[in-house]
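Heads up, the next two complexes both have chain A, just with different partners, chain B and then chain C.
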Partner chain A sequence: MRSGDFKQSYGELVALTDSRPVWLWSAILVVALIAAPYMLNSYALSFLIIILITGVGALGLNILTGYTGLISLGHVGFLVTGAYAYAVTVSKYGMPPIVGFLAAGIVPALASLVVGAPSLRLKGLYLAITTLAFSFIINTVILEARTLTNGARGISVQRPEIFGVSFDSDTAFTHLCLGFAIVTLFATLNIRRSRVGRAFVAIRDNDIAARVMGINLHAYKLFAFVTSAFITGIAGALYGIYLSFVSVEGFPFLLSIEALAILIVGGLGSALGAVLGTILIVLLPEATRFTFSLFSAQMDALFSTGAQELKSMLYGLVIILFLRFQPRGLVGAWHDIRRTWVNWPLRY
Partner chain B sequence: MEYLVQLVISGLAIGAIYGLIAMGFAVIYKSTGLVNFAQGEMTMIVAYVAWTISTSISGNVFVVAFGAILAAILLGLVIERIVIRPMLGEPVFATVMVTIGLAVILRSSINFIWDAYPHGLDLGVGRDIIRFGNIGVRTGQIAVIATLLFLLAAIWAFFRYSKFGIAMRAVAADDRTALLMGISATRVHAIAWAASSVIAGIAGVFFAISYDISPAMFQLGLKAFPATILGGLDAILGSGLGGLLIGITENLAGGYLGSGMKEVAGFVMIVVVLMIRPFGIFGERDIERV
Partner chain C sequence: MTPLLTVENVSKSFGGLKAVSGVSLNVTQGEVCSVIGPNGAGKTTLFNVISGVLRPTEGRILFNGTDLASVSSSRFAAIGIGRTFQNLALFKHGTAVENILTGRHTHLRSSVIDAVLYFGRTRREEIAARKQVEEIIEFLEIEHIRDAIVGTLSYGQQKRVELARALACEPKLLLLDEMVSGMNQEETEDIARFVLDIRDELGITVLMIEHEMRIVMDISDRVHVLNFGRKIAEGTPAEVRRDPAVAEAYLGGNRSDAGAKVSA
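For the complex of A and B:
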């Protein structure tokens, strides 16, 4: 029986996990996810795709808000920039999709420098409102730059073909999203356990103390912005491809709230939390609809007429209830359950 | 020139509404230390209640005004009691996120309680036009500017001189010390929320008289953000003046640069202002002690 964690070297301390079963189960999960598109019907598959794409975006926001503690209310701005960067390079100028994905990362990253720079002087709520302002400004910029973005008409996007492999079918596209999600997950986990990640967390916990210890606040805050925007931009490109049409209306402000809800529900500052939160938040409206439809057909009708409103109400409720009763999110709950399981019948 | 004056005057009128909502933000911030992201939604709800009273009970101005103020006080108290008070002592981030959640809920509730169509609130006042030379001003516009100036003065004096106002500032500065001094933090919070809700409601009713109510009205809250930020979150006078400034800027941008610029003029302005003064024009600089 394991009686504690005894680490003898620094390498062991920062390893992704010290337990073989975790690797084993993760591998099984990946295999299951690869096999899933062949088993699921197209309705269930659409949820899987959305979970994977949203997961990438949530992991992106997690770097900024979860690790570094900078609240962003305007992440939908990076999402829409990424989607447009992909659409313009690939659909409009006919460049290969791989260039499109690079652009979808780099353009929001550059945009984030513009937002990040003034944000260095701002703290807390002032920063949140600046990012909010950014997301509105970027929408107007996109609508006004008609020659590049077709303005309000939007741009239609085809499923990509990379190195001769076509991702046209839903199955193949799921695999593409899965690939991006796994790479993003590993990237954020690795950032977290590196020097950079520790600097981020130090800034989040106490920025003055971090500065005293020699962390360059400006550089690291900007770095957090850039990384976060890069990842979020890629998620935006994937979402644009999934919708097969990129327009400003496709990326409503509610997505920013949804992203924050994901982080809060999952547990702020944890990659696992972002993943769990994504699954819960994406499936929540559907699960609620299903539960209510068991009771009456009238409820079902209400869901089809006011779907958008009910969805936002659910997000709001979930945010409030989690902050009130489980501020550490699903990850916190999971840790509690695991500890109880391991130590039972002892308390600790 | 006439065009310019007309733009400035209508800018002042809409700016006064932003200013009122921004004051609502500032009242809550100054007494509880949080930003209430649901301010725009509260404005909208009170305006809808006023409209319901005017169509179902009586269209008399005083009845509607009384009912709306009563509803606003109730709304503020209920929100404070159910949603905010349990969060007392939690980190500011958590409480602010709670108000965001609240905002989303209130926003969507409009479609379930009322409907998705725009309505006009016609009380038989505020739509007459007074002419100064060639320039026409609606009485509603004059009334809202006058209300803003009056409330600005009243609330500024309240925070500066009254005992309860000072208690509210004490709670915002440090709620634990304030508690030790014998100030009831819960009562301070409750009154701040009620007051802020009333101010928001007044803005909502004025907006409904001059324009229309619709489920998109919560965007007034987003527009009022630049106003509060411009003035500084903790500056009552600043937020009112910030509102007027944003209103004028927005209208001038809309008149000379196009409607796209009108939507974001305020936001562009705060990004620029915050780069130079990170705590707003009238805001007090936070001094951090370690």
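For the complex of A and C:
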């Protein structure tokens, strides 16, 4: 806490940040991200795209698990539902991509009511298992509903053209993902600083007190489910477009674990944490592969053949390490560093 | 004068245990009322049924003429019942301001979509809420801890934030469950002063559970005494102090030190 903090008006008190440097650095970062596709090679660019898409999904899960404290092991279910909603409306029925994106949000949101409503009374492990079951049921439904989804054959998806602007090139598609990521981040931060976000956090921290404050637990848990599923579904559509092919195999259960790992590594209940966690978790397998490849070519080969298995081991490892040594995640570490910095040497 | 709160023959059982048993009491608008009794007498359980945390097994509770049985538990705040908890129930990762803002919940309207956009009316509403919170902060003299994470505050400070959060609900009836337990002399006197100010300046009726007899005797208009779930006495502080059944309950109960306090 800086001693010089002196707020001028109540408007500033409810602002996202009252710090000019924060706005300035955010603006610089956005400009850098817009410029990035022109500088990066296609290999590096693919990581940027994945980070942006994964970030949207992580922010979605953050609303349910981070803010509201409802653990979901089945978030891949919303991801795949969103991807199919987009693919079916746009690729199969030839509707405009805007409609596809809307469907990618709304269909998972409706699906979340189906899984959310019966799990309102469940907590912790029971809820986690219910959501897990949901994601497997969704897969079965998709495989069975062949007329709509082509079953196991999947649906190929083209990069969209929206209002006459083509997002076909990697550069343009990066910009599209960047747009979605920024909008999602603002939406999340706005929710958090409003009545709705406070209700979510109240339910997480003390549900009895929350109810005494007049918060309708059932309604707000469903709001959290719906909002979370909507955002996650959009991420699913983007991922499907990126893969240019939507199938059940494209959305393995590992993605649910990856999303949880992101939140734990970043710091549960923080939008900034979700962003930092996304960057770390997306780059981690690649960084590990690179490190090992310095030592032997065999390790490198192992990484390309057993990628999934090694990824799940890595995620498990970082989850354990963070829970043990840095339970508040990267955001917690960042706050500690900043406090040390502000108070150094003995600012007061 | 019609009472603000009428508790009629209320019982609450947990399995075989009757924690509250056939309790009746009235709280009149503008009163400071106390509920006292030895440990385990059922005081908190009584508060839980009045505030909708638990439902009574028998009996009826009327608030402002409304039968609370017909009110869903998340609407108790909206109709004007606020409370604090014996064991702190703050949202511990949030700042004091955020906690108190949460108390404004029923007075704000924004939907999820409004919240996402955070624009126009939503923003104005948040600013207004922030202003009201600032007034409560000033009222309870907690300016210096407004931005602190409540989990890092002292017990007494956390209790005060909880009181602020309950006030943010703008209740008509405020239930305070052992506000001053674990507080030092000075903090206790502050709370006594606040309770009277809450009644006199904000016009809020107060029903409080207290073990600290000094504050009970000093500031209550009426005192209700519970023992083993039953009401054994009721009256002004002076009447209750003279009641032999009360002294008996405290002396015979597991909290013998309180007996001395009653007659003190």
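In the analysis below, the second predicted complex is superposed on the first by the 334 of 348 C-alpha atoms of A that agree within 3 Å, B and C clash if a C-alpha of one lies under 4 Å from a C-alpha of the other, contacts with A are read in each partner's own complex, and residues count from 1 in each chain.
Going forward, contacts are C-beta pairs under 8 Å (C-beta built on N, C-alpha and C of every residue); 3 or more make two chains touch, one makes a residue touch a chain.
On a predicted model such as this, the values are computed, not experimentally measured, just so you know.
Engineer: Determine, under the contact definition given at the top, whether A:260 touches first (chain B), second (chain C), both, or neither.
Structural biologist: In the superposed model, A:260 contacts chain B only, not chain C.
Engineer: Would you check which partner chain A:14 touches, where first means chain B only, second means chain C only, and both and neither mean what they say?
Structural biologist: Only chain C; A:14 stays clear of chain B.
Engineer: Pick one for A:196: touches chain B only (first), chain C only (second), both, or neither.
Structural biologist: second
Engineer: So which one touches more of the residues on chain A, chain B or chain C?
Structural biologist: B
Engineer: Using the touch definition from the top, say if A:211 reaches chain B (first), chain C (second), both or neither.
Structural biologist: Second partner only.
Engineer: Quick check on the superposed pair: does A:330 touch chain B, chain C, both, or neither? Answer first, second, both or neither.
Structural biologist: neither
Engineer: Of the partners chain B and chain C, which touch A:124 in the superposed model: first, second, both, neither?
Structural biologist: first
Engineer: When the two structures are overlaid on chain A, which partner does A:269 contact: first (chain B), second (chain C), both, or neither?
Structural biologist: second
Engineer: Going by the contact rule set out at the top, does A:143 touch chain B (first), chain C (second), both, or neither?
Structural biologist: First partner only, chain B.
Engineer: Show me the chain A residues, by the header's touch rule, that chain B contacts in one structure and chain C contacts in the other.
Structural biologist: The answer is residues 208-209 of chain A.
Engineer: If you look only at chain A, which of its residues touch chain B in the complex?
Structural biologist: Against chain B, the touching part of chain A is residues 71, 73, 118, 121-126, 128-130, 132-134, 136-137, 140, 143-144, 208-209, 254, 257, 260-261, 264, 306, 308-310, 312-313, 315-320, 323-324, 327.
Engineer: Show which residues of chain C lie in contact with chain A when the two form their complex.
Structural biologist: 51-53, 72-78, 82-83, 85, 89-94, 98, 101-106, 108, 110-112, 114-118, 122-123, 125-127, 129-131, 134, 147, 165, 169
Engineer: Name, in rising order, each residue of chain B that touches chain A in their complex.
Structural biologist: 35, 83, 86-87, 90, 92-94, 96-98, 100-105, 107-109, 111-112, 222, 225-226, 229, 233, 260-261, 263-264, 267-268, 270-271, 274-275, 278-280, 286, 288, 290
Engineer: Tell me, which parts of chain A touch chain C in their complex?
Structural biologist: Touch list, chain A to chain C: 1, 10-11, 13-14, 187, 190-191, 193-199, 201-202, 205-206, 208-217, 223, 226-227, 269.
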